[in-house]
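Right after this note come the structures.
First chain A sits with chain B, and in the next complex the same chain sits with chain C.
What follows is the complex of A and B.
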């Protein structure tokens, strides 16, 4: 079939061997084998998406698919426990500060209990890994894993699931309010491996919690993660994802969040690394009066490719969504943004707003943006806006009249542009450290001479 | 809300006004398409060899490709072998020289449509090239146009009299390989309009064509080519309406515009083909490829369209802004009702420096209609200081309809500024309340609000069309209120 050819047809044999090897290497999660097998079958059937698929129009996975076999092989080979032994001091250097209460550390895809700290009993939150769940939990988990993400619909989800070895299962009891953020770290220290982080979170009615996902790698590698979060009635979720992969790493991630009656969420998403990244953020507003607020910032420089797809499904009346994504593109970087809002027939009295602003810093930079509205209900207020431009010359002029050199003035303007998203991070004490990380990155991105203004 | 509910039902109940069939014998080819059919059409039109070869090339290419499926449109598969590709009124051989020679039945048809051709032509000073089915039967004011060197004639006539121009320009803006429907049109097009404005000439009058699909089961494959030479100016009007038919009729037109240095083309369309009945039976399938190539510096093109008819509309008038400082504009009002579906929008390809484009799209969706705006703004690396502003607003009338927006923006030059805004909402209760509180009836209030919603686009239409467009909108919304 022609389609199979264009998919950069992956080495099916190698994939199968790698998936089967997981049964032996990770006996604690051998119970996931049927799920892996099913996902692999799906993938074999559909292949990886190509640029002929509307959803992947601007993002070519050829390189990723090409190298995935090698990565998979390496990560399923012998144990590299030595690499995973990280000194606490080194870890502290890599992690975000001040998040020690509930920390869950994965190194090269393997959970590190000695580096992690769980919530105290009685806090209303329970965290297990897929390797340590009780036996009677396994059966229902096989059903819930991927129920929101949907293996059928997305090939990348199938890919991630086909090599799933471990992950977090987080439950928040009804009426529990957990003030400390759950800090999940996925660190890759070995070169050329493939990891498949997974989080399954449940917020019971009227509970609240905060989840921070931090993806970091020190060498080229592939990470494909899936996060599924269910918020029951009146639950409140705060979510922050920081992607700081190595500049030659691949990062394919998706989040799937469903909200019941009057549930609410705030999400902030920062893409600062990787050679090619694709993030799909999917929010389903299933209950009346559910509310979602999404913010994102992505940075593409050198020759990196950053793709952000968001999709908000308004499925119930009186739901609201607000979304702001910003992109900074430098050098020969390429940014892709696709923001989809679907208002289903039942979702009368919906309010939805989406804005996407992009800054192009140099002549080779490219942005492809597509805000989409699909509306099937009439009593709605929906709007979206999208802009692309360079640094506002008036702003630069203003700063220069105040005696600020041009390069510095540029830096100010770019920092302010990104700072607006950082200021939305739901954990206040992270503003400063994340701002510093961002500033360092932006400075690096804009260090090459920009176009003559 | 109860009143509005009723209004929508009344929109749905609004019958197509222009549904009738003129009884004229036609020289019609049996349904089906193959190379012989193409040779027949070409032979019938006494075409030069280059054109026949081009048609055959197109046909061979068409056979290798498939219908596009990316649009948000659903329809029964089209059987291309079940369509007759040629139909011409009997008197084709001795075509009328002036309006007086025209078959009175035809003139009657125009009368029923409310567009008395001679009246309009004389009073409004508009030259009309009316296409009745596939052969142009009336061309007026030709001599007056000829004085200023403007060529305005049926396409088939241009093929006879100016083959060198046809050979030079045909297919250079929309190549036959462009898309499925363009390829089909290139193979079987029967007639259309040809306009040539020589260097430095400002066309003395608005050029206008009224199209009418008449013979049952004949697809209408128009081909329009407008060439504006350096420093020239032309305003072209196109309007259409079709009789009521049960079977779906396919329409795949191609419009090519060429604007050379400093030239300006204004192309306006009012489209009111039969949209099908309340159950979605019948109605025209309208797959149109329209494109303008702004080849010269400082050239300008402006597309204005009012799309009210057709069961299916697939139409993306585009501008290739190749010349430096060239300007592209797109103004559109689309109204869909009952089970109509429209997937329409524009493409602005910025290639030259300082190119500018404006896109204003207004969609009104009622009944169970689905409407999509699909637009592409592409800034090439060469387009220094390019500028685009896009605004698309949708108005929803009734809880069964849909309005969708798919804007693509691809920017490869950091000096470009691209802005896109879109909103979707229904008529605000507060707006209605305000108007009614001032003593306006609900119908007047809705009409006023809808007209205000579309004003930015209507303003761009030539006077004659603005009136027609407003009337058209009122017909659609007449039943909508009170």
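What follows is the complex of A and C.
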């Protein structure tokens, strides 16, 4: 048994049963079955990653794998639609404010049309769910789904795909500029289920759009999501992901974004919840002058584990990337950051900067950070670095001499550290509410400080 | 206001820095402390503000009859003590005016006064900033973040003028100031001078004392007050250096 877990193998029978149940339970997406079957085979072949895989050295999926079978079983059971009937008033309390124009709500993995609103016709944006796409779209979708993510390479992607039941397909027409953010909400209200959120987005040439992903669960559960976004020439993408899973939940997510000539993206990732989370952000700067600006803030407290892996591939000349991630680790929390920048041979005149700064709030807090640069071109400007520090006692003393109590002074400093990332959220009206969420969360994380430093 | 320091001995990491320092500061008084580099002036200032890392091996410090050494830094602030830092700390991302409002309200809370309302506060800080000839934009920057040396010192006095302490300890606030800034800072101090306040000015330059006339001048050398006099002492020191007061003590 112990040996089995080490090899990352799972309860194949439960998985197979769950997979078969999907075909029956979700007839509208039965057309995805070949994709699912293929992914399940891949997974059966390779198993989940273990800490012996270089990419997973610090993140042990044992608990996730162990419980996943049972979660899958529960989520494919027929009778639990009642839990999905969520009142609008409850929903409003859970959602970010001011994003009602284009809202797509999934509850327990199931799309809720009556809680959602689509972009108006003529806006240049079209959104469908996998369950409602036209029949002639299915064939090409079977090809594109996973093309950027590549299930061959990653077992977690294979897992998510093996149980894919629904998702969003978002198309932005050429030259269309859609000011309202697309707000995709993935809410889990039932305990011990497994959901597999999926987004496929296409920005045609010279278009612009904003996507917000909000992952939230009220009970322990597993969520494994995949987002794939293609930006054609001169397209502009703004992206914000807020992860607020239950403190006992598991969250395994990845985003795969490709940018063509002169396309640009700005992304902010905020990891505030879950017992174990792993986010993989993969950006491919495929076209000349493509650029990406990535910001992230992750928080681990209690005994939670938060892992951010980012990878930027500079494939073309004159591409730029700028990445800043910050980690706040409290209690016995553990953070992992791995930021990889690969400058390929063709990517001359590339400019890449990566920094990761971490704040440890207690003696039991831990962080493993590793920025990596691989450069195969010779005319490039690259820099990377990471820092790990504790709260500056001089700053605390300064604030206290002005009459600010110690706890509050700590909060000031911690909030300022995280606030820098929040201020980058590409939707200005969200600064305030997200700052409040962050402040409350940080206050909670720092409310049980260890021995004074 | 009454500060009474008696025979204070303070060590850092086993090295004795203050070696039996005694000083009394009464209400309405302005005391200047001068002394060679490394003599313990900043150490004294830090001890009064409650910085950790120092060991008081003997002696007492009472403030308005209470044992100051037992109070936390914030409690000392509420009781009216203010420290102007020799090297003000940069705190990136903590908004200057937000921070000052929190400081003001913390004191008000301690005094069981209602919080200051936003409009009133804004009026107050704008007025004080104007008096300190500080650009409004400084209010919305991070505390001392990217401030020049002189701007940091000005910001200290600006904070002091908003917080209105009863005992202000200013550690070399005049160092690094150009002549106009020095005047502005001196005006800031003079405006606050009153019968119910006191100042402890640590300085190397008698120049400051042209603008802020002290009641007493002390020489701190090797951890002790070795000489006390009036304004004229500062002039003598300027002319002759410290040797003539420190030798033979």
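The rule is simple: the second predicted complex is superposed on the first by the 444 of 453 C-alpha atoms of A that agree within 3 Å, B and C clash if a C-alpha of one lies under 4 Å from a C-alpha of the other, contacts with A are read in each partner's own complex, and residues count from 1 in each chain.
The rule is simple: a residue touches a chain if its C-beta (ideal position, glycine included) is under 8 Å from a C-beta of that chain, and two chains touch if they have at least 3 such contacts.
Note that the coordinates shown come from a computational prediction; the quantities given were computed from them, not determined experimentally.
A.B. asks: Quick check for you: in the superposed arrangement, does A:360 touch first (chain B), second (chain C), both or neither?
C.D. replies: Only chain B; A:360 stays clear of chain C.
A.B. asks: If we overlay the two complexes on their shared chain A, which of chain B and chain C does A:381 touch? Say first, second, both or neither.
C.D. replies: After superposing on A, A:381 lies in contact with chain B but is clear of chain C.
A.B. asks: Could you tell me if A:152 is touching chain B, chain C, both of them or neither one (first, second, both, neither)?
C.D. replies: Touch status of A:152: no partner.
A.B. asks: Give one of first, second, both or neither to describe whether A:175 is in contact with chain B, with chain C, with both, or with none.
C.D. replies: Touch partners of A:175: none, neither chain B nor chain C.
A.B. asks: For A:371, decide between first (touching chain B), second (touching chain C), both and neither.
C.D. replies: After superposing on A, A:371 lies in contact with chain B but is clear of chain C.
A.B. asks: Is A:417 touching anything from chain B or chain C once the two structures are fitted on A? First, second, both or neither.
C.D. replies: After superposition on chain A, A:417 lies in contact with chain C alone.
A.B. asks: Return first, second, both or neither, reflecting whether A:345 touches chain B, chain C, both chains, or no partner chain.
C.D. replies: Only chain B is touched by A:345; chain C is not.
A.B. asks: Applying the document's contact rule, which stretches of chain A touch chain B when the two form their complex?
C.D. replies: Of all residues in chain A, those touching chain B are 54, 345, 348, 358, 360-363, 365-390, 450-451.
A.B. asks: Within their complex, state which residues of chain B touch chain A.
C.D. replies: Per the touch definition, chain B meets chain A at residues 70, 379, 381, 394, 396-426.
A.B. asks: What residues of chain A sit close enough to touch chain C in their complex?
C.D. replies: Against chain C, the touching part of chain A is residues 392-395, 397-406, 408-409, 412-413, 415-417, 419-420.
A.B. asks: If we count contacts the way the header does, which residues on chain C are in touch with chain A in the complex?
C.D. replies: So the residues of chain C touching chain A come out as 49-52, 72-74, 76-78, 81-83, 85, 88-89, 91-94, 99-100, 102-104, 106-107, 110, 142-143, 159, 163.
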